[in-house]
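Structure incoming, see below.
Order of writing sets the labels: A, B, C, D, E, F, G and H. Residues in every chain begin at 1.
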Amino acid sequence: MLGELLLMKGNEAVAEAAIRAGCRHFFGYPITPQNELPEYMARRLPEVGGVFVQAESEVAAINMVYGAAGAGARVMTSSSSPGISLKQEGISYLAASELPCLIVNMMRGGPGLGGIQPAQSDYFQATKGGGHGDYHLIVFGPESVQEMVDLTPLAFDLADRYRNPAMILGDGILGQMMEPVELSEMLDVQLPPKEWATTGRSGGRRHVVSSLYLDSSELEKLNKRLQDKYLEIMRTEQRWESLDVEGAEVVLVAYGTTARVVKSAMNLAREEGIRVGLIRPITLWPFPTKAFESLEDVGRFLVVEMSSGQMVEDVRLVVNGRWPVSFYGRTGGVVPDPKDILARIRELARGGGTR
Amino acid sequence: MLGELLLMKGNEAVAEAAIRAGCRHFFGYPITPQNELPEYMARRLPEVGGVFVQAESEVAAINMVYGAAGAGARVMTSSSSPGISLKQEGISYLAASELPCLIVNMMRGGPGLGGIQPAQSDYFQATKGGGHGDYHLIVFGPESVQEMVDLTPLAFDLADRYRNPAMILGDGILGQMMEPVELSEMLDVQLPPKEWATTGRSGGRRHVVSSLYLDSSELEKLNKRLQDKYLEIMRTEQRWESLDVEGAEVVLVAYGTTARVVKSAMNLAREEGIRVGLIRPITLWPFPTKAFESLEDVGRFLVVEMSSGQMVEDVRLVVNGRWPVSFYGRTGGVVPDPKDILARIRELARGGGTR
Amino acid sequence: MLHEILIAGFGGQGVMSMGMLLAYAGMTEGLKTSWMPSYGPEMRGGTANCSVVIASDAIGSPLVTEPSGLVVMNLPSLEKFERKVKPGGLMVINSSLVKKKASRDDIEVLYVPANDIADELGNPRVANMVALGAFVAKLRPVKLDSVKASLKKVLPERRHDLIPLNERALDRGAGLVD
Amino acid sequence: MLHEILIAGFGGQGVMSMGMLLAYAGMTEGLKTSWMPSYGPEMRGGTANCSVVIASDAIGSPLVTEPSGLVVMNLPSLEKFERKVKPGGLMVINSSLVKKKASRDDIEVLYVPANDIADELGNPRVANMVALGAFVAKLRPVKLDSVKASLKKVLPERRHDLIPLNERALDRGAGLVD
Amino acid sequence: MKQVFKRPQALSDTVMHYCPGCTHGIVHRLVAEAIDELGILDRTIGVASVGCSVLAYEYFECDFQEAAHGRAPAVATGIKRVLPDRVVFTYQGDGDLASIGTAEIIHAATRGEKITVIFINNAIYGMTGGQMAPTTLLGQKTTTTPRGRLAEYHGQPIRICEMIKELDGAAYVTRVASNSPRNIAVAKRAIRKAFQVQLLGLGLSLVEVLSTCPTNWGLTPVESMKWLEEKMMPHYPLGEFKSPGEVK
Amino acid sequence: MKQVFKRPQALSDTVMHYCPGCTHGIVHRLVAEAIDELGILDRTIGVASVGCSVLAYEYFECDFQEAAHGRAPAVATGIKRVLPDRVVFTYQGDGDLASIGTAEIIHAATRGEKITVIFINNAIYGMTGGQMAPTTLLGQKTTTTPRGRLAEYHGQPIRICEMIKELDGAAYVTRVASNSPRNIAVAKRAIRKAFQVQLLGLGLSLVEVLSTCPTNWGLTPVESMKWLEEKMMPHYPLGEFKSPGEVK
Amino acid sequence: MDRKVIFFEDRCKGCELCITVCPVNIIYMAEHINRQGYHPATVTDQDKCISCGLCARICPDTVIEVFREDRRK
Amino acid sequence: MDRKVIFFEDRCKGCELCITVCPVNIIYMAEHINRQGYHPATVTDQDKCISCGLCARICPDTVIEVFREDRRK
């Protein structure tokens, strides 16, 4: 298969990529704009000896994922914004019990029932923890169907390596669009041994999956272990794309679908002679602070999101006052227009010196 | 009643304060450490013509609150961390439909099932939006039973004024402890007229409560309206306590239970001749940025939380690199010890100049 | 090179596969290409449309709001999208169903009696191919042959017997363009 | 002035109301005061305890981890909390149930045969008041009279007939302290 | 000339967004007729659910709240407990009521909430494009049962009335169909009766209406009515499962 | 001397944290005995729920997962769908199963998940300190029904077996009690049978065990057993509600 | 003579359900297309109509109103 | 003679359930307190025990083991 280009919908491409990465169990509940993902799984999984279960709700689905992950399976679920909100308790449990799995959120406009068009307003929820307690998911923000496909096996692998749930944070456009995509071959995935899994006293030892620690000092120990792990992930797993950053008058920061539009805007800006750069986070958590830390000669930052301003806080945190940071966002399913972004770039390039 | 001191449990005091502020409807589900709150309501509400419903789950409870708030009632619910996670979808709906209500979270140690001892690790969830979409609750972080009681009517009033859900973010200690408390008299609360409420075509006009906007530009309009409201709240409703901040070598930042402990530590530090100050946010959202903005002569900041570090991000955001910001946290139900905080203060006072 | 194409019509008119054929053809020609449907319940009983972008460089948003090429298969689509076409762009109108004329004079307009020609060909369902043939022949975002070659990838297996007919329809459409 | 008091025992021994009486008495004397129970299922079948802080200034954490005054009503509580008492602090031991002696010599220890005295008074349930009387008489965080006055606030209505008995128990305890 | 059939006043005159032949429209009208006949328009509050009928609030003239997916009975509980003298009804699909909202309907019934539930069973998720519902029939193909629903793999279709009738707080439980003028007339009486049960404060009333989804069934509206009768009715027998003596 | 009664091997020898006389301990032992007798210790995975039995995983010798409140049947579904040849059971209280977890148990039964559910009905929330459960009896005082449960205000106690038996995927549904040696012996057979039903792949098996909570009922253990018999049994009749022919 | 059955044809979605229930078979789908893009149902043989109302009862889009000659006149 | 019924008394929580079911009424609560702080159940009249096992069956804390004389001997 390798090498052949296919024209696939994002939702279906992720599903196929997951299957090729060895995922054989999917638990989900329908919601637009990600329905093609479970539907693809419903068709394909039985063909490869896997199991698809349409759960009675998102709450049930995430807890099925918990059970399956605890039993050692490579397992995933997917949903979109309101459905992901319902999963927050379960996600906190998965993180606390250190169970690997993949959660896909094809974001749509919120809050509330909102709409079904693309948005990026669940960034806080995904990266800061929408559930209770101190925990983190490993969150990816792909910008294309191809990247989504490439990140899927990586997400599973990192989830296993760190025993931590991973999330792909897409949106309605990434889920619904078709693009040429190259899939890896069906991997004969040898999952890493999961000695901790509850498979029925394997090796004669019994195993327990739990996140209950009635003793505060025990619970603090769990939290320390988790925080150490998160530090390690922050050190090791940051991923991003940097384009023409040094010397840029305006450095744009954007992820996912928005990054594509920003790239169009940058082309327009370059035509006008404005020096623009881009930092495109690929991992949203860990946020790619390294992309910012060694910067010297930049003018200012412009963060663009399909939200009222969420990732911009992480940019401000890492920039820490060294340069001005501006924000431009559209909400509710409206995709920013490159020309509008260009207008912001122009203003900033005019207004701002190198500092 | 006014003027009489009572010794009351935090959970019960909030309940009584809510009733005196005109709350007549409570929907909740048991969870430690806040059970005395619904139990008090179960006893008291029928006596004052109100209604207590033990819902089948936290999900049902928050949606009952939605219905009751939409029908114009002054209504509340309470829970603790895992239960609050389950409410996230409903909270996003309440915010999107601009329904006033009060949500109490007596936080306990997480993530997952965790433990039942006090914690502050749901700060992100409460202030950044644990649910999907761009929204904010008005979040209060009281430090004592008395303050919790005083903030309860305010929370209801602001919720009504801004048509926005409000939250009291307490913890196991604030819920379980008894302290002397002075309650206001039973108010004959005249709720502000709620013309938008669905009470059966009142005034001959029909009313609809909904957060569905299939058209992106309509949904963007809702988001703009919400953001404008949030800006207004940020401008008008910041509340905090500042103590000896100007000239301090170390300015502590802490809220809730932790702030009490920090005050003990500050007494110890003063005895050693260290100049210490405190900024204690009372509103967590809007975060009291004004408390920081005009500062001149301070050395550095030390944020103390019962978490792995959440509010510290808001401090870093407002400080924006002007001064160093350090963090000290305990997790899992462990309450920081004043002596350990003192040790941090000493280190920082020794290490840091005025900048 | 950058073609931003919008194809719009009623639900059953086959506008989605018109777009997919273009995208597929672009891909086989080594171009960057994307296809994006309108989605969700608002489609119910209303108009359906899809965006196709074919470009030599990386594609920004796959959502086309100001098309350089527009195909309208029914009247509501004309009313909704005509004013959005880029000046100098192309609009193909299915004149069998759309009796109204274009009101813009800063764009190129091609009237294609797609349903009539499809009826002539013996199957009203290939009206979309007639319109697509004309559109491709005029705008040349991809080669007509690439579109034909894409038929067997885009049409479901059970429709493959109709490929010759579809090819004829594409040709008839293309034939309208001198 | 700062008293950090811990009172610990079995579930049914009335340790919670001992603490509440202290807190209430402190309040009536115009002092800052707080009461905090151990809570949750870990209490089940185990020990229960409560923290009381009585102070002239604002109270930091209401949780007492290093008490200046400790009352232990049973053996497990002695084993768990003795070592946490501040040097120079006071520990009252219910010597009716706790046969072990204290092992610290840097604190003051008072042995009170609380259950025996309660039995003498005709009701084993007032052992807690005997111990509390002794504790208050020795440490003097509040006046014994304030404690007595608090009885009717802290005891549930249906127990108010027992107030005289409770007062006698408090006095008997206090009487043990010269 | 005397008008023997006219648009009920409780129905707005907006053209509904439902697909051609979708019976959601019929049931909307029946609910509106019942509201008209009982004269309760000014004191009725509807609760729309998430499903194709999410926009129901556009089609009725009474007050409405739009509830989160599955939570309409909880929302209705909130309203009714605040306004006990108003009439509150929910309008829910089979995904909404029988899947994600299972706990909410069962506990509203257990509590005996004095609300009326109109339950549209069309054996599929209409709005999201035709996935399996808990009520999907064995063998029925949907986008998530591409080979047809299998008892062994997906379980068997759930019968809501049969289950809800076991709950003491449910006062009136009935199943009707929307497939013929005769059945529609029966459905109409059932809906009115359900409101009457609420007005008398007898407990929760639930009317399950067997309905069609021509679009996702892949059938014409006319074929759909036949399919409803031939396939659905055998598994979902019509009739009153529970009825209080007080209301005829 | 021949040993006629000994601690089952599937039970760990940790002293359980339950209150004196709490029947959770009895039921734990019965489950362990069934596991021993069927020889399935090495391939059994238990799912503990949130309630007093949250620490059940400390008391059994088999693998265990601790599920979120109410979600044990979903967790069990996840495990069983991954490991279809293992034996999976949940152990849930009445708050867990009959309140917050209503949707999960009903849909596990609807799907016919091949799992076994041990359902402890003690008519109260034990762990959180005695609040009303959906199974709390009319008139029963709890911390959230301080004047006793009222049908009009709180609804009537829910009968789970009667409801679950209506679901086609439920293969074995029975109610037993833990209040006397005789009933305990019946309970033991029911639990073993429930596992056998699972081993034969017949569908979901559920054993409801009427149990006590002396602490929150405010009764001695001995009084509690009497209360169970006199108050609970009339509302919750014992017996098999559904049983497959295959297993005796 | 007045019309006994009125079709508000712009509301019609052409589902044809009314046709299947008319006992006298007088409803048919018009050739033209209405505002929504459907062939609307229609009746021209008004006098054959027996005012039974079945068409209106089954119509999902409240397209139809039915009248009956007032007997008392 | 060997004991027919053994109480592992440190496990006992003194609930007294066993007492209520013993058909020969030989179980009683000991005076002393066990490690957990309860008066444990106990039997001294071992010979009266009929090895019926009822006490063990109802004991929630698996305190009790029961033996029977081997008939075959």
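By our rule, a contact is a pair of C-beta atoms (placed from the backbone, for glycine too) under 8 Å apart; a residue touches a chain by one contact, two chains touch by 3 or more.
Since the structure is predicted, the reported quantities are computational estimates derived from the model, not experimental observations.
In terms of the stated touch criterion, chain C and chain H have no partners in common. Chain centres computed from CA atoms place H at the largest separation from chain A.
Comparing chain pairs A-F and A-E, the larger number of C-beta contacts belongs to A-F.
Chain centres here are Cα means. That of chain B falls 34 Å from that of chain D. In whole angstrom, the spacing between the mean C-alpha positions of chain C and chain F is 62. With each centre defined as the average position of its C-alpha atoms, the distance from chain C to chain E rounds to 41 Å.
Counting partner chains per residue, chain H has residues 13, 36 touching two or more of them.
Touching two or more other chains at once are residues 40-41, 45 of chain C.
Across the assembly, chain A contributes 32, 56-57, 59, 82, 89, 93, 97, 113, 116-117, 210-212, 214-215 as residues in contact with two or more other chains. Every residue of chain C that touches chain A in the complex is listed here, in rising order: 20, 23-24, 27, 32-37, 39-41, 57-63, 65, 153. Of all residues in chain A, only 5, 7, 32-33, 116-117, 172-173, 176-180, 257, 260-261, 263-265, 267, 335, 337-338 touch chain C in the complex they form.
Listed in rising order, the residues of chain B touching chain A in the complex are 59, 81-82, 84-86, 88-89, 92-93, 95-97, 107, 109-117, 119, 121-122, 124-125, 128-135, 210-224, 226-227, 307-310, 313, 316-317, 320-322, 330-334.
Taken in their complex, chain H has these residues touching chain F: 2, 4, 10-11, 13-17, 20-21, 36, 38, 51, 53-54, 56-62, 64-70.
Within the complex formed with chain B, the residues of chain F that make contact are 50, 54, 66, 68-70, 95, 99-100, 102, 125, 127-129, 131-132, 134, 143-147, 154.
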